[in-house]
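The structures come next, written out as structure tokens.
In the two complexes that follow, chain A is the common piece, with chain B as its partner first and chain C second.
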Partner chain A sequence: MPIVWANNTFTLVNQTGVMATNASISQSNSLIPAYNIGKYWTVNQIPSDPIKSTFSLSYYPNVGKEPNYDILNTIRGLTDDVLYSGTRIVIAGVTGFNCYLRSYELQSAPNNLVKANVSYESFTPLSGQVSNRAFASTSDWGDLTVMSSSGDWEDLTVMSSSGDWGNIEDPVLENFDKIPHGWTTYISSSGNRLIAPTYDFNYKFTADWQPTYLIGQKFPTQVNFMAGTEEMSFVRDSFTHIQFSGEEVTGSFITGDWLIELFNYQLISTWANSGALIFDVSGAKIIDTKLVVDLNNFVRTATSIRRHY
Partner chain B sequence: MINELGILDRYRRENQYVFLNSGQVPGIQSIGFDNDFGAAPVNYIGANYITLAPNEAQQGGIRIDRLIIDGVDHFKPFTGESGFNLYILKDQRSPVDNYGFTSGFITNYSTRCSLGQIPRTEIGIISFGNLGKIPSGESNDTSGQFINIQSSTEVRNPTIPGPGSISVSLNNDFTLNRLLAYDININIDRRGVYALGDRYPVSIQTNYPIDISAGFTFDLANYSGYTIRDFPGNPKTGNLVLQVKSFRDDSLIQDFRFSGMTLVNESYNTNIDGNVTINAKYRKLNTK
Partner chain C sequence: MYSTFKNTQILLNNTGILCTDLGISVDASIDPLLYAQDRAALSYNATNGIGGSINLTYFLSGKDHLKDYVSNERNAISGNFGGLYFTSGYLTSYNLNCSPNNPIIANAEIKFFDALSGTYVKTYVRSTGTKILNYCDALLIDPSRDGAGGGIGNISGISNIQFSFNSDISPLYLAGDQMPAEIRFGEKNLMAIITTDIYSGDLPITGKSAGVKVNFTHPELAGIVENFFVSGILFKRELDTSIGNLLQTKLYIKQSFAEDIPSISSLSNASAYPKETITINGTNLLNTMFVHFA
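Our next item is the complex of A and B:
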């Protein structure tokens, strides 16, 4: 088995390249010891929960094509999950089908590129083996025989029909310079950019997916979206007092409604707006507020808000 | 660029005029600009093309070495909370052709003198604004300064300090012991406070304390050294007054007064070639 170096492999989410700096697949087999009356030692280990695979990615999002953000929006907009079957993720040649977004996290800090972390869960078997990416030297993904031989690209018709495998050299290349940045993260209220500075912004979405099994089947017949939680935190320099347990975001913390827009950093020089990752705070409640004083730093406050799906 | 004689032009010291805000600063011996653009490689798994993107604060570093020859320490006033702009011009009439920086703050100020030399100052600066060729329209400050620079006049009468016109007072240590050299260092931690949505800091703060140290080298006459065990029970402290005056008329050029300086390091040197010397280092941390 040849050693595959990071720069020679790839990560794909929903058939779109992701600029991942770290990617992992963790497959767990949930077992518990089986004890028997009359036996001192365990007689065996037996399954207690289904086999589950977790896909984790740390990556630079880009505003041109952010598959995880698109999936996040799909889930946030679900009115019924009957037809939702997850997405496909490929990490270094190993493919997970029907992967469900477990968490999506994004941080914007001053002077830095925005980084994101995402994790998915899959309850169905994985496919494939560690392999190099199979870009043809001519610039496309046409050397499909290589992919086929690895055993994990059998569903090539899907890729072909999506239309985005045949004419680009690298799924990421088109968008490599469309990374959002702290310089171009704007928080506005009713269309006006906030004057009071924000020193840090964090966004996190977590989802709870529940697989449903039937007797006689190894894998779930369906996976249901049970709940989603969205949290955002803002680091500023003025303290927000929580007055009562149902403290709304609007009112004590902010006036109006906030919109957080993360633009491509090229915006500062070209003013070419290639889109943005956009979050809003409507309907959220304040869940905690902190004041932190560190030596060698100014006094900062962090306010976290939350809403549920 | 080829000049009127058909030979390659060049820049030398005679056509490098240094202006601090709008006023010319004579006596500069050297200036170094370190203009780091903050470009970091954006590498990722399977990268076919790695771009460089900004991923840190864009700040410039500048070092200036200066002899005080006009009777004015132009940089000492900026050891406080104020910042300044600085430009090097080839032609005073054309400030747009410059290399300089804006929003500079002193991070290190040091002045030193030894026998046979005139006092020298070295300045370390961090620029939170722009660095390089500063456009006139960079800010209202720069456009105003570019206008004023053109009418600025250079000081022509040298007012040079000399070793004989320097007085140092610290615990009467240098009354009989012969002072050979001194140096004063002021280190100031400057912090740019950056917020989302802006590449310039929203505020520039000084992170106190300001670290002040003073070192003295002197020939031993009646000095009694301190033992290492004297600290912390019986530390040697004193008030430092250091004045640098013009050798012609004793007009004051530099005036440093630090109270409560504490001896933190002392070295005793003896050898076959010369007198016994002591190097003594005092330190104080100034809070706001």
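Our next item is the complex of A and C:
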């Protein structure tokens, strides 16, 4: 098998290309050594838990087409979670089915592009093999919904006709002006932006997925979304005192209804709002604060807020 | 010098088992001999015979010969632990916790009423690559007559089963003897606690007929290598959940008859008169307690 270089491969989340700078799949079983009394060396190595796969991506989010953000919003709005069966992720030709968003993280810092880290978990077998992308133009990326069997995903090089792949955008050909930037990240309240100077902003969502296994089955019969935690931290220049019982973020920390808006980079030049990643923080409570003084720097405070699903 | 777990070979009925935990306890029942107005005793009296118990936890790698004593508990078990041995043990409890994707591990207690004889001998034996059964290869069987799970409702959502067997045995000592003249076998029962996703309060005052069977297989071994089942009465339901956990129903099934089902193949005389001898041929008749003629 020839070597496959990163620039010849692809990363897809829910049939949408992602501008990944790093992507990885980690799959492991849970073998434990089986010792028995009266013998030296192990009898065998035996499974004690199911197989689990973790997909990790670091990428530049695109405000116009950010599949992970859409999935995040789907999960935050889940009611009957049993009906949710996860998403499909392809990294360099290896496909994970029924992948569940474990964490979603965004970092926005002054004068820097916003970067995102995301991880997914899958409890079912992976499919496919490391392969080159075999498509020269975006028209070769068809409609993946017509691909009914997992075998269609295994070797993308066999996909010769563009009809097999629908309208998937090639992330490499996307314009970078759709990436949110530190310049275009705002904390807004009732539509008023720049209401408080904020230097760094971090967002992290973590989800607790619980697979249920039955006797006689290696793979889960259902996966439930048990809980989610959303945590945001802001680096600012004013100190926030922590309250014993917590304090609503919309109280004294800042007034009004809060939104964090990460606009695309294009906004800086055209001031045209052509999309944004928006995070509502209503109901979050302040959980910790930290004041840092360094030589040759201004006094900064880092305040974290959290809310739970 | 201490030995380690590697140096103690375990044999039950001269057959090795893949034991992971072992505990042996031998007790002499001794009471202080107190005289009236005395608070202290200078001598002690034996109040019972010597007895002991063994607790074993072990992997199942095929047929579990100890499980046979669930139905034939009157047969004695011999054991040898690194040279220390007993000859008259009886199975008093046997447990399986069927948990998905976990190795099949049994836990058993054997009581014995003779001394632990012999001398400990350190051994050096290397493990072989024995295949260990796993619950991911188990098959749940619905033994109900309605084919729809019977009192359980539906066996397709079972995520855990705890099987337990308990047998009440007591030794009978004759005056002057240190060893029991015989072993009396009392009540024995089987119980299964089944965790499932059937949410119901259906439980009549008479209970409900229910049962479940688990066949153990291994992908590299042919056929069903072992099984365990309970078929009795559903007598308790529990519905519980807690933060971060599933809503689960626990069904309690007990079975007070734990013998291999007897069957009659032939009678020597089907129309005999009183006091005439009749020979009954069949299987599993050794533990017969009474016979009805009609």
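Here is the rule we go by: the second predicted complex is superposed on the first by the 269 of 309 C-alpha atoms of A that agree within 3 Å, B and C clash if a C-alpha of one lies under 4 Å from a C-alpha of the other, contacts with A are read in each partner's own complex, and residues count from 1 in each chain.
Rule of thumb we're sticking to: a contact is a pair of C-beta atoms (placed from the backbone, for glycine too) under 8 Å apart; a residue touches a chain by one contact, two chains touch by 3 or more.
This is a predicted model, so every value here is computed, not measured.
Student: By the touch definition at the top of the document, which applies to A:Thr184: first (chain B), second (chain C), both, or neither?
Tutor: first
Student: Could you look at A:Met226 and tell me whether it touches chain B, chain C, both or neither (first, second, both, neither)?
Tutor: second
Student: Applying the touch criterion given at the start, work out whether A:Tyr213 contacts chain B, chain C, both or neither, answering first, second, both or neither.
Tutor: Touch partner of A:Tyr213: chain C, not chain B.
Student: Would you check which partner chain A:Arg88 touches, where first means chain B only, second means chain C only, and both and neither mean what they say?
Tutor: Touch status of A:Arg88: no partner.
Student: Identify the partner contact of A:Thr11: answer first if only chain B is touched, second if only chain C is, both if each is, neither if none is.
Tutor: first
Student: Mind telling me which of the two, chain B or chain C, contacts the most residues of chain A?
Tutor: B
Student: In the superposed arrangement, does A:Ala20 touch chain B (first), chain C (second), both or neither?
Tutor: The first partner, chain B, only.
Student: Following superposition on chain A, which residues of chain A contact chain B and also contact chain C?
Tutor: Correct list for chain A: none, the interfaces share no residue.
Student: Sort out for me which residues of chain C touch chain A in the complex.
Tutor: Residues in contact with chain A: 5-10, 16-22, 58-59, 61, 82, 98-103, 123-132, 134-140, 156-161, 214, 244-246.
Student: Help me check something: in the complex, which residues belonging to chain B touch chain A?
Tutor: 38, 42-49, 51, 53-58, 189, 191, 193-199, 202, 205, 207
Student: Could you please specify the touching residues of chain A with respect to chain B in the complex?
Tutor: Answer in residue numbers: 6-11, 17-23, 59-60, 92, 108-113, 133, 135, 169-170, 172-173, 176-177, 179, 181-187, 193, 197-201, 265, 268, 296-298.
Student: In their shared complex, at which residues does chain A touch chain C?
Tutor: Going by the criterion above, the answer is residues 30, 34-44, 46-50, 208, 210, 212-218, 221, 224, 226-227.
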